[in-house]
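Take a look at the structure below.
Each chain carries a letter (A, B, C, D and E) given by its place in the written order, and its residues are counted from 1.
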Amino acid sequence: MTFSYYPGCTLKTKAKDLDRYGRKAAEALGVTLEELPDWQCCGGTFSMSKDEIASKLSAVRSLASAKDKGNDLVTLCSACHNVLKQTNDAMKNDPDFSAKANNYMKLDVPYNGETNVIHYLEMLRDKVGFDKIAEKVTNPLTGKKIAAYYGCLLLRPGKVMQMDNPENPTIIEDFIKAIGAEPVVYPYRNECCGGYVTMEDKALAKKKSNKVALSAAENGADMIITACPLCLYNLNKNADESDIPVYYFTELLAEALGVKD
Amino acid sequence: MQRIGVFVCWCGSNIAATVDVEAVSEALKSEPGVVFSTNYQYMCSEAGQNMIKDAIKEHNLTGVVICSCSPRMHEATFRKTVQGAGLNPYMVEIANIREQCSWIHKDKQTGTEKAIILGKAAIAKVHLNAPLTAGESPVVKRALVIGGGIAGIQTALDIAEAGFDVDIVETKPTIGGKMTQIDKTFPTLDCAACILTPKMVDCAQNEKIHIYSYSEVTAVKGFVGNFTVSIKKKARYVDTTKCTGCGVCTEKCPVKNVPNEFNLGMNNRRAIYIPFAQAVPKVATIDADYCNMLKNGKCGVCSKVCTAGAIDYKQQDEIIEERYGAIVAATGFNPIKLDNFDEFAYSQSKDVITSLEFERLTNAAGPTSGQLLRPSDGKHPHTIVFVQCVGSRDTSGCGKPYCSKICCMYTAKHAMLTREKYPDTDVYVFYIDVRTPGKNFDEFYRRAVEDYNVHYIKGMVGKVAPRADGTLDVQASDLISNEQLHISADLVVLAAAIEPDKSARPLATMLTASMDTNDFFTEAHAKLRPVESPTAGVFLSGTCQGPKDIPETVSQASAAAAKVIGLLCKDKLTCNPCVAHSDEMLCNGCSSCEKVCPYGAITYSDKEFRMPDRTTAIRRVAAVNEAVCQGCGACTVACPSGAMDLKGFSNKQIMAEVDAICK
Amino acid sequence: MQVNEKEFKPTIVAFCCNWCSYAGADLAGTNRLNYPADVKIIRVPCSCRVNPMFILRAFQRGADGVIMCGCHPGDCHYTTGNYYARRRMTLLFSMLDYLGIERERTRVEWVSAAEGAKFAATMNEFVETVTKLGENKRLEDLRCKEK
Amino acid sequence: MQGKMIARAKELLQNGTVNRVIGWKAGDFAYDITPAVFNSAEELDAGFVYNDFCGANFSKYLVKESRKEGKILVFLKPCDTYSFNQLTKEHRIIRDNIYVVGVPCDGKTDGETLKLKGITGITGIKTEGDSFVVDTLYGEKTIAKADALPERCLSCKSKKHVAYDELLGEDGEVCESNRFDMVEKLEAMSSEERFNFWRGELSRCIRCNACRNVCPACTCERCVFDNDNSGIAQKAAADSFEENMFHIIRAFHVAGRCTDCGECSRVCPQNIPLHLLNRKFIKDINEFYGEFQAGEDTETRAPLNIFDTEDVEPSVVYEKGGN
Amino acid sequence: MSKVTKEQVLRSSGVNVLKCMRCGKCSATCPSYDEMEYHPHQFVYMVEKGDLEPLLNSDSIYKCLSCYACVERCPRGVEPAKVVEGIRNAVLRQSGMNHIKAENIPEMLDEDLPQQAIVSAFRKYKR
């Protein structure tokens, strides 16, 4: 099983763990992740404005390059996934935007959203299969009570992301079961942690991240896992009313598969 | 050559505002065959109709073209008019210059030009019209009501009252429908069971009414006055003629964990059950999905305890066929599934319930014997939040675009009853709009606010977060005070939108009745024929036509019954004379037409013909049964030789219209 | 100065079944939903009444586009008529395309009695498409054209 | 084979199974063979032939013949039996009045084709392996079948008889055929190219009606083109539209019924490849509604007289390739 | 600063504010509600009225977390967050209106702050 892989800027710097464990686990599962040779930063956030073209072009370039490779494009960072998926959707379904973007890009063959963008979690669920993962787990995290934190970008807008039920997701919970731990469902798992304003408004970021962390703790979780570097940072740094640890889900996956050196 | 009269209607200003009616009647005057052309304010008025009649007599008209509204509106009117003047009613053609011209074009010149062309097409067609005579078909004096809720019950009772036989087909083991699950009814607060169950008993006892419970319609053939319907009587593994409804079996059955649908799964029933005490017919039914005897042949307890010997594990589904003159659809509604609304935590918390579940929680025959208790821990809730419009008025694709109509009133009822019975309970209602048109409805809602101090808050709930301590954190907006609220509630009640029952869509297909995009049955006319389907002989009763409360449902049910009685009173119906006809001289006998005819109206026989060369030949030729043919025209295109044609819509007529339009 | 060429107004024939699409067209009118006057509707009892001969005839007499509307599959007033119509039109359109007649000049659309808005939108779209194609020159009878 | 056929025909005449025989009869020249009815052993001896020029399909003659007194013997090649079945299915021929003897066929040529290849003065023909050996006034000439067979034989769809009372010789199998190649080629062209191709072909039509007269599916009591009441009566193609119209309507009328016997193209004096119209319908039907071969049996409903609720929408035409 | 028009905001956001039925679910679901002077439903309503000035001058446009909760839960498919972003973009596109200035960045940084926070802050708040 071979996929194109888009790591994104943060995974190359502050979130190396997310990337490193993700690659190791993939290898252990027999999945080949081929890093797009010429990927560019996705821009970090998808501009909701229809007339914003330029800021979305770097994402389009990466998508077009993945199309040439011919494999599904796997992302790991929630934010990159959101940007690539939304941009791809616009290229596919917004003729006005795709015409303008193609005009700017001057590709040999116009790009119209042909690449299939999937998140690493979707790859685990739909391509590898959680039951297969459970079989390969050598070091099950038995007894661990883990709270999945989806945040906002992984699931929404639901019509575009189409990963799971945006209000009652199960994909990370199923993942947690696959690695032998017990998922803890709590209501704030899909509410925003306020990561965006961490530079701008610390107080708001603290308030929101505390709400998430406390809700997870209140429901008996030992730890929180996430797919988003910004959420991880924010929950670690700003959720000061709770000391619940936060990990990348790939780290636990690598641990369960016995490849976390 | 026809002598044609042209009559252009102004329809007040509806046509005249964007079509120069004078110019149209003037232009059409010079068309071949037109000997008279005029225009008038309202052709459908008595004066207008007299104008047509006078012109027919004065000018010896043989054909009439009326440029007016849609033929779907007044074709029948004008056919009657010309008939009054001695002309064959099928010598009229209508040019639709209102719906398909004046109402959609703003520019007068454009509208006028198009109206002239439409008029010319109608003239071209009427040139080729021939007088047609309608045949007759008999009416079977028996009606079928599909659905045994309050709508179906009322319709059946009224039809039976008029002396006609009527059958009710109900998929559930008992009639009664949703109303059996409701506790009290607004705005009078009388007990639903007290007013419904006597009607159910009336149905059972009325000798004109036959109830097919636990049955469904599987096929419908025929047409108005003469439908043939297949009804599947599902195996209930109990001989209904022997069962006395004593209920011993339902107490002894060892399978105790079947979710009780009557209480919406909030408690359990046995594998053999009677839905509730007042069920009609009051007989037991075995749930084949759970019965041990039927699943693996091990048990047989019910059979042993049944003194009447009514249990029959070998019973099979049975299909019976019955003929009817009229069919009433009364398939009712269901609350929508709330899968798309998990922000309200319906699937995460037992204490988030729907309004129908709330009805069961307050009903004396419900799982809590009428005590309002939290499903999670059986404690009294002290703060209750009602959320309105859950899935109603939703155009995002998650819910239904329409207003479910009944939620405002039943929520006011729930809030009021709660406050009355448990005055220590805080009750909040989040609303977008409170819609209470109806007799004594707004007064009812105001009582909830003014007399019972229910907190009505203009705003919506955004998120319900179940807390570890069992409370529900309700995050909502209060648009009047412009703040975001957090209410710690014990129970949240969602007013889920209602939708037509799933059986309605396949039924509509069988009945060839049309449906709207929400799967409600379409009425023949939104204002003037609200209880008839566009398909002749099919009538609509209750919520299958649109959201309705009980009083409205009952009025519509009686209205549908009146329409059915009107039909069944007739001994014969006039057939549509626009039927297919085969030219025997051209017929190849190939059977193509017979294959595509949906009514089996075409038969073949060998016939002796005198050929042009004076020999005789035996040829296989088609013949159309005009009483059975409905005039769709499928055969006319299947026929390679052009032997088959359709009266009133002949090849030449349609091509004449094409020519007139394309000229 | 050059005289402006007269703006091309296509001739469009729409065959509409009486029970769904003609009623849908009526609803478009009742709701005052505009679509170009170039569309002229011919009422037929059912889409299965539409003979390929009618469509060819329309082209012969100078139609630039022909559209057929019927009940949605499964909702035919006569139960099955539109299913036959669907096959006939699919094959006929494919043949016209095969002969090099622009495929956009023919169309089938299912419009229910409740879909006035869809009717108007469909007609607007179809007229626009046909207007772009211009006059139908590949399948016309010159003798039938006005000089 | 000819000898066997005459012998068998005589037997059947003699024992009263049939009272006449429809077969091929030599004309003035060896290659202009015409259909004829033989009433006696003598007539058979005098004129009955069966050789590599006997291409004509007799099925259509049976529409009239089967309505006459007594039973008639007919010799059918594999491809003729498909037309025969189709006509039986449509009640156009009375099966009980016909005795069918299936005869094998390895492709039939005609004088016209041979002449174009430079073979004239033909006095006889026989098959030797993959070649025809033609006797001419100028001696024996050999020509490869691949060069002398018409398209319909080169892309033969079946050597199997689907209807017969008895067989002479071995029965064959349904063939792998490449008969849709040209249709595919046309489909791949641009709309403009297709238009020009068909204008080039159809503009040669002289409306001689040969295609219609020979077509085993065109057996209407009265053709719509000859019927003043049909609204589309037309005797001669007066302009490009009418040329198109005649062939579109004709192809549509036989759609789902045409067995692809190829007679239309065989008889066209202008060499218009009319079979390409019929094959387009056949190909579309196969693709849209599943494989269907008209005349394969006498029960299966014609594709246009049946439907599936999940049929493709007409918009499939816009979605396919080309433009 | 040239005048920002309602049409500009509508075009840029691609939102049809007329679809709003004033249920207030957007504001009910907004995680930044208490930090905002004008709330999501007010953005929609005020843009519909053409009352843009207060919004353009309010800090509320920087409080939106772009978390799509209102987009996801709006029963009418109005997508209020896009209106907020439309207003914000209108402000940022005016020259010299960068909300975050590069010279202020170093003091906001700490060593663990992920790249994406900086990148997105620039994208979102800078012209």
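Worth a mention:
FYI, a contact is a pair of C-beta atoms (placed from the backbone, for glycine too) under 8 Å apart; a residue touches a chain by one contact, two chains touch by 3 or more.
If you're wondering where the values come from, they're calculated on a predicted model, not measured in any experiment.
Considering every other chain in turn, the ones in contact with both chain B and chain C prove to be D. Using the contact threshold fixed earlier, the set of chains in contact with both chain A and chain C is B.
Traced through touching neighbours, the fewest hops from chain A to chain D number 2. On a Cα centroid basis, the chain most remote from chain A in this structure is D.
With centres taken as mean Cα positions, chain D sits 36 Å from chain C. Annotation: 54 Å between the Cα-based centres of chain B and chain D.
Chain A and chain B have CA centres that are 47 Å apart.
Averaged C-alpha coordinates give centres for chain B and chain E that are 46 Å from one another. Multi-chain contact residues of chain C (touching two or more other chains) are listed as 52-53, 57, 74, 80, 84, 88.
Residues of chain B found to touch two or more other chains are 343, 397, 463, 596, 638, 651, 655. Of all residues in chain E, those touching 2 or more other chains are 69, listed in ascending order. Here the touching chains pair up as A-B, A-E, B-C, B-D, B-E, C-D. Against chain E, in their complex, chain B makes its touches with residues 343, 389, 393-399, 432, 458-463, 475-477, 479, 482, 484.
Of all residues in chain C, only 11, 13, 18-20, 22-23, 25-30, 32-35, 37, 40-46, 48-54, 57-58, 61-63, 71, 74-81, 84, 88, 112-115, 120, 144, 146 touch chain B in the complex they form. Considering their complex, residues 585-592, 595-596, 604, 617-620, 638, 640-643, 651-652, 655 of chain B touch chain D. Touching chain B in their complex are the following residues of chain D: 67, 90-92, 219-224, 227, 229-232, 253-254, 257, 301-302, 304-306.
Partner chain D is touched in their complex by these residues of chain C: 52-53, 56-57, 59-60, 73-74, 80, 83-84, 86-104, 106-108, 138-143.
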